[in-house]
Amino acid sequence: MNVPWLTVVLAVPLGASLLLQVVPRSATGAIKALTVGATLLTAVIVAVLVAAMSGTHLSPGPLGFHYEEQHSWIPAIGASYHLGLDGISAWILALNAAVFLLGAVLISRRGTDRLKLFCGLLLLTETMTAGVLLSLDLLLFYLFWEGMLIPLYFILANYGNENRGRATVKFMIYTVAGSLLMLVSIIALQYASGRGSFDITALLGGQMSRTPVVIPWVNISTFSPEQWAFLGFAAAFAIKIPMVPFHTWLPDLYVSAPVPVLVFFAGLVSKLGAYGFIRFGLTLFPDAVNTFKWLFAALAVLSIIYGALMALSETDLKRIVAYSSISHLGFIALGIFTLTTNGVNGAVIQIVNHGIIITALFIIVGVVEQRTGTRDIRELAGLEKRMPWLYAFFLVATLAGLGMPGMNSFVGEFSIMLGAFQLYPVYAVLAGVGVVLACWYMLRLHQGLMHDPPQPRTEGVRDISVRQGLVLLPLTALMVLLGVFPRPIGDVARPSVQQSVAVANGSLVATAVTIPAVTSQAGAP
Amino acid sequence: MNATNDFPFLLGLAAFLFSIGALGVLIRRNPIVVFMCIELMLNAVNIVFVSYGRYLNSEEGQVFAFMVIVVAAAEVVVGLALITQVFRLGRELDVDDLDEMSK
Amino acid sequence: MLAVIPPLVTPSGVDILGILPEVILAGGFVALLMLDLVTSQAHRGRLAAFALVAVAASFGSTVWGWFDAGTPHTVYSGSFAYDRFGLFINAIILISTALVLMISPQYLNRRGLHYGEYYSLILAAATGMMILAGASSLMVIFLAIELLSIALYILSGFSRTEPRSHEAAMKYLLLGGFASGFLLFGMALIYGETGHTQLAQIAAALQNAGNSVDPLLMAGIALLFVGLAFKISAAPFHTWTPDVYQGAPTSVTTFMSVTTKVAAFATLIRVFTYTLGETTVYDRWKIIVYFVAIASMVVGNVAALRQNSVKRLLGYSGIAQAGYILIGVVVLSPLGTIASLYYLAAYAVTNIGAFAVITIMAGRGEDMDSYDSLRGLAFRRPYVAAAMSLFLLSLGGFPPTAGFFAKFFVFAAAIHANQVPLALWGIATSAVSVFYYLRVALLMYTRPTADQPVYNWSRTSFAGGAVLVFTGAGTLVLGIFVTLVWTIAMAAQHGILPAGVI
Amino acid sequence: MNTTTVAVCGSLLMLFPLAGALVNALAGPRLPRNAVNLVGTVSIFAAFVVACVMLTLVVGAPASAKAATVSLWQWINLGHGGLSVGVDLTLDPLSAVMIMVITGVGFLIHVYSVGYMAEDRGIARFFSYMNFFIFSMLVLVLAADLVILIIGWALVALSSYLLIGFWYERPSAVIAARKAFITQVIGDVALVIAAFLIVLKVGTLSIPGIFASAGSFPSSGLLVTGICSLLAIGAFAKSAQFPLHTWLPDAMEGPTPVSALIHAATMVTAGVYLIARFHPLFDRAPVAQGMVACVGIGTAVMAGIIALSQVDIKRVIAYSTMSQIGLMIFAVGIGAYSAAMYHLAAHAVFKALLFMAAGNVIHALHDEQDIRLMGGLAARMRRTEVCFLSGTFALAGIPFFAGFFSKEGLLGFGLTNGPGAVPWILYIVGLVINVLTGLYAFRLWATVFRGEAQTARVYAAHEAPPMMLGPVTILAVLSAGLGIVLGIWALFLHANVLGGVFTSFLAPVFTTATSGPIAVDLGTWPAVLAGTIGTLASLAGAGFAARMWLQRRPDPSAVLERLPRALPQLSYNKFYFDEIYDALLVRPTIALARTTRKVIEPRAMDGWVRAIADACSELGGWARDYQTGLIRDYASYMILAAGIFVVATIVLVSR
Amino acid sequence: MTVIIWVTGALAALSALGVVFSRQPLYSALSLVMTIGALSVIFLVLNAQFLFVVQLIVYAGAVMVLFVFIIALLSPGAEDRVRVDSRFVIGAVVALGITVAMVVAARNGITFNNSNVFRAQQIGQASDPYHAFSFDQSDLGLVNTAGNVQTVGGQLFTTFLLPFEITSLLLLVAAVGAVYLTRRTRSGDPPERRERALGRKPEPTLEEDRIEVEVG
């Protein structure tokens, strides 16, 4: 039977969110069960899809996809409903399913205001983010990309601390400004290709003009259309990641948002910018991306160090974690702009890893805040004595966060830095400085909370609950497991990454020839 | 008389009446007078229509001017009705008084 | 002397079928005047029902006309275009009118304004708009504009005892008359310089003129544009919009915010794109329209940032939207026209929805249009708040709503015409607009604190609910199943009366 | 060797400590104390047994097949042109020596811990960390892939961090732990970058693979020099060598068994192991080697000087450790790999001994560590003193104790190798080190155990329990008895049998090295002379110290007064390295971070965003201000715009 | 003829100034009547007899009477002297600009673009309008002959039938509007009364409201 599995992945949460509307508001048990059930079902389907991926048919072409579906949507302008899964999106999709499942599990049934609204929006967000990962049509991609903001907006605007309004609006405007620039680029790309299509496979390899645009009257020649278009995409993605100096929405938002939201927001949504760079930035604008790689890699390095410095001096737990996230995402961006197999693959690995780490860190910080009533690191100390279990989980998360060899993020960071070293050794060395700083601020966070004589404020603080422990356990276990056996991610991503990198480096034709060999390797474990 | 050319004069006259009417809208505060200034503008337009119609040898100008007069009359009716109603509710006859919503 | 009188022949081109929708609606207007006399105060709701019937009949004839007007032509000696373009606009106007009629009775009752004249004037205005949509001569354009304007002047001041309503009517009337002066002066100059008032003949004259342009013609075009820009409330001729929108009864604002703009844009497109689109003149008026488009986008969006009345906000938003639609006009391409038409449809459905929420929420004696009065709406009226959010998001251009594709097509048209800066202005201002749309949306989901007043929102009537459902569904359909309306808009563009056809 | 056997043994070797760590970590808090102790020690004992088995495997293997590499699983494979790393183990004489030291000494220290930590509530956590350390250390020494080595390298740093900060309620411990860890991470980064250079050159990170293609590095080339320098920086961080040495004394905040195990016997010597392991590369980079040698010997002198003036019993030993490792680093720097490894093994024994004996003292005095408050303990802790003395003799290189052979051996090697006058200079520096070693070693002994008791606490002190004394005794016997027996045997039967055994055992590893004799070849007179002079120097230092601190002739304070003031100040303040680093690195970084938060973030980063927002808002204010509500104003805007349009179009026409 | 045009034109211009600048509304109205009259003469000279009559009857006769009537009814006071503010400056400058631009553009001889041929000439509607345009030229067609009322009327019912019909609708709407707006509030229409009360006092307190009802 030919089941459109990817559509099913989109439809399950969407359908569940619609189904929620008929559940009475007071039936919180049913609402929660439905939400968890739907996210779980999605997760199971995604897991099976990813596991079975290597055995399925791969579409031909410079970029190969699995489970492809294509239907006509707006034939007049060449937009179609085109979904597909490949090695790059597979694990991120899995991460997507996982973080939403976690988010669904974490919401308190009794403690949540307007549970139905939250659950519905959560499920809608899952649909949208999954759509972003699956769409192969630029317009469809944009639809999900921007549509994602709607449920997110209502979630962020409705849940969180008293500053959430400002933070949310800032985030929205920031993001929308970037996305709209991307929209212009999408249109220009479609127009310039002359193929009347928004399909990524049709637009591959850069078809825009590479002669510089000359500003009339003043006669200043600027970037080429392709470069301008790339910058449009880059604006959207750089803001979403976010890269310094486009990052200021992130700390505010992370501080104001509640933990179940952060689990999927920090865990996944910010990774979509990186995904976009890999999927579209590299393949659609090979010339521009090679022109600008130094710049974006430099911004990535700046993010690494800047985020680290901020994390080093902040006193608010959530802000520390937020800035650490900026720093880590800088690594991911650096990996992408190395345009090497190592770097990009490392970025993919790191996307997944960071999703796991940041989720755990936010859960931990959330627990600490909930238990002690403060987020100020100066008011907290000696929690190890009170919360030994939390300490254990936190220790693992901290180590993973600082890129400890043997933990999952080391794999990605090593690979990324190797790629960076291939590109510009200086960047790798600076990233190394970032690693040292990461060690410093993560230990400051960890020790600041856990060590030193216990403060009076922490008197009588209880350890984590069993449910929280059950959520943290798989996350920390994954941190260790993926550090010891990182191969699954790398193996799945490898063929697609190689293709994308080949396209980015302009050896499109050569790639088309070598694909069969590569994929057959991937197929034979 | 061949040398005389009245057309620029007529157009100039129309432009003058039009602009002076517009100026009146800007500087007068009594709505009734403002209305009269608008009438002045419409009359200026009528000169243009008629004189163009004259030398273009086309009746459209005159018909158009006729329509303008009709419309002007209709507008005046509604406008004056409104003005009386405003006045009846005890307001000043001053357009500068009508700024409640922007305060 | 009798010999001088030309024989009274049957006027050429008289084809009542060509203006059937307009005639039906005008008939409805007159009939309503009569019916009002025999309808008691308690049963004035029936007038609305009758008006709806008239609108429906007119819509039916519009649909019939759509299939009938395969080849576009004019009727009444070139005065009126019988083409799918006009019929498309007619359909938008009629649907909007019907929706307004549905939300009106409840609102009028609450505000104590329930008089029969309301419905007849609405129909009269709608008639004027539909005539404007099909007008193919300067004279008809002028008269149609005046017809709809006068009806709207009265409707704006319909709340006879309310100062704000008066103020709105007064402003609209005086400034409208002022703008009519410009419009007329422009028409006079165009008539003089080309010798014709029929658009088709003007276009032909321009084609014959080769590559020469004379200054008075350009001045005429500029002044004509000023007059139309006033009607579409494009900056800097927009100043009346917020005041009038705020002061007029909300149902009237709902009506005119959408239909006037749609009709005026129809004629703007007809005149500028399809009559004055000749390269020699286009190159010159393009600059004006370019400027006005950008100014509208900037002024509308920026001014909306600091408002505290939703009606005013939507007024400014409408100014901004006019700027976006103007992009579709200035690029002078079929795609641009289609984009503008799509935008108009999306704008109509969204804006009516947004205003309908304000109308429906109105309490006895007060319009619920301040920001404060929306605070916490979602807790008491979750579905209404959800609908309002949807409309605001659509106005903000978020997918998957109508507003997104509207903007998308307009930007696409700009980029395809190599007018990238225009698109960039558009996106920059769109980004700004997100702020104020979302602020309102956020407010509805903010729980009021103890010291803030609790508003007693009215219950949604069946008709009001139906309007919200229709507009909400329409907003989504236009944002997802794009091809549906796109195809019709494309047919409308293909079916527009080409330049030179009489 | 049978690869399967090696794989099984290697896995078991690592699994025992890991299992112990996991059991104690997860179930420890609920288990009875004895069970915790049992799990903690037995797991290491099992590992020791396996290590012995593996040693026999290596010993029993034919000379041509002493090394075996087995692959456990593929760690990552990024495909063609990408990274490919396997989790591989290698067993060869070098790693065999290391695992013997680690598990053997480690086991004794674990046993000692049972006694030392008897009062502590966190015993399960302690054993868990300790076992985890053993595991990490085994990963490090068994790794056959540079990435895996780095993982082990970092894991030992982690264990060290955890154990230094074991008493987390002591702020000084917390800070010390962080400092140690960050320093280690600097070393890790250096290693990682070295790995990049290697993989980009030879395309593999497998250590045998690297060595197989070591020939592709041009000798003395820039690349290989760079790689070796980076590796050396990693080694310096781990082995507390200048300039990354400041963490080691602070690390004494950890429990004493930790100091014995990690900061004396095993982890800190990993740098020596690393350089010895990568000798094929170092042999091609003489500049790097020279740098390593200089840093090693420099650190040895510096640490010796500092050790003279410290007053914390553990810190004195820590500086002595730093000094001794400096010597080992020096040895590997000059190519005396076997000698270095020999000294490493011997040092592990006597330094663990010293620490544990010191631990006995501390334990007896209820956590008193200041030697100025001790004195006269010999009367109360006779057996501890004897053991301590055994270690001190070994440390000072008194003939026939463990340290004697190894130290004289590597100094002698220095004398016989190297160009021009360098050997002589090095030799003279070595003599200085010998003197210093004797001085501080005996100073410590004299101050702690002899003389007058300085506080009342001393009178309450009593001998350590057998659980602590037992391991100390075993190590004392090893360092003294074994040394004496074997030494005499060596002296009379064969010139350098112990060194010879070592050399021949390690020979398969260091085939490419310019390995010479590791001990003084008594057959040549200069060498004998040199050894004799070196021994005499040690003895002189020891004797002088004994006289000065036992008999007050000359009085130490008088000596101090005669010296320039700066010298004792420098020594006491550890050459101000902490202060210098604080001023040069830590404070600027924190200041930068603070500036970033207080200035750059709000003003620049958020500033540009807010500037745009403010500008829009300002424009909105203007727009609202111009929306006056006056019809006449509105009309004036309209007519202004219309006028401009008309004039503009007319002018445009004429253009 | 030219003289008549110039004289009446000047008269119209002068009285237009009177409309704008006289402080008494009644004077403005009378000046407007004067302008309208002057313009009707110009219409007559331009052979637009029909418009001449309509201008006098409808404009001067009906519309202006309405104005005067309303002024009499409302008896507004004199306005303040016109102030020279920004609005005045803008208006004056633009008025001057438009007038000058029009005159300059109309006098093709000195317009910006000499090479351009007049459009009406190009499309064959007039021979040389700017230079040949005077009233001694009598080669004009039916429209411009005396008694063109019939022509215009005939056109009104044939070619311009649709616009003519629209005007009927327009007037009807205006009538309805005027009636609605000026109609007195019917008694016994409680919401209306309350509206008015609210209208006068936008934020009535409870007590004030009650007093208002009692008085009413």
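Just so it is clear, A, B, C, D and E label the chains in written order, and each chain counts residues from 1 on its own.
In this section, a residue touches a chain if its C-beta (ideal position, glycine included) is under 8 Å from a C-beta of that chain, and two chains touch if they have at least 3 such contacts.
Bear in mind the structure is a predicted one, so any value in this text is a computation, not a measurement.
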item: Chains touching both subunit B and subunit C; value: D, E
item: Middle chain, criterion being Cα centroid separation; value: A
item: Top chain pair, ranked by how many C-beta pairs fall in contact; value: B-E
item: Distance-maximising chain from subunit C - centres being C-alpha averages; value: D
item: Cα-centroid distance, subunit A relative to subunit D, in whole angstrom; value: 38
item: Rounded Å distance between subunit B and subunit D, as computed from the means of their C-alpha atoms; value: 96
item: Geometric centre distance via CA averages, subunit E-subunit C, whole Å; value: 27
item: Intercentroid distance (Cα basis), subunit E paired with subunit D, Å; value: 99
item: Contacts with 2+ other chains: residues of subunit A; value: 173
item: In subunit D, residues with contacts to at least two other chains; value: 627, 629, 631-633, 635-636, 639-640, 642, 646, 650, 653-654
item: Of all residues in subunit C, the ones touching two or more other chains; value: 139, 143, 146, 150, 153-154, 157, 160-161, 163, 170-171, 174, 178, 192, 195, 213-216, 219, 242-243, 432, 435
item: Interchain pairs in contact, sorted by label; value: A-C, A-D, B-C, B-D, B-E, C-D, C-E, D-E
item: Sites on subunit D touched by subunit A in the complex; value: 25, 29, 73-83, 87, 147, 150-151, 153-155, 158, 165, 168-169, 171, 174, 177-178, 181-182, 185-186, 188-189, 192-193, 195-197, 199-200, 589-590, 592-594, 596-597, 601, 604-606, 608-609, 613
item: Subunit B - residues contacting subunit E, complex; value: 1-2, 4-30, 32-33, 35-37, 39-40, 43, 46-47, 50-51, 53-60, 62-63, 65-67, 69-78, 80-85, 87, 89-90, 93
item: Sites on subunit E touched by subunit D in the complex; value: 86-87, 90-91, 93-94, 97-98, 101, 105, 111-113
item: In the complex with subunit D, residue positions of subunit B that touch it; value: 22, 25-27, 29, 34, 95-96, 98-103
item: Of all residues in subunit A, those that touch subunit D in their complex; value: 170, 173-174, 244-245, 247-248, 306, 309-310, 312-314, 340-342, 345, 382, 384-385, 388, 392, 399, 402, 404-406, 410-411, 414-415, 417-418, 421-422, 425, 428-429, 432-433, 435-437, 439-440, 443-444, 447, 450-454, 484-487, 490-491, 494-495, 497-498, 518, 521
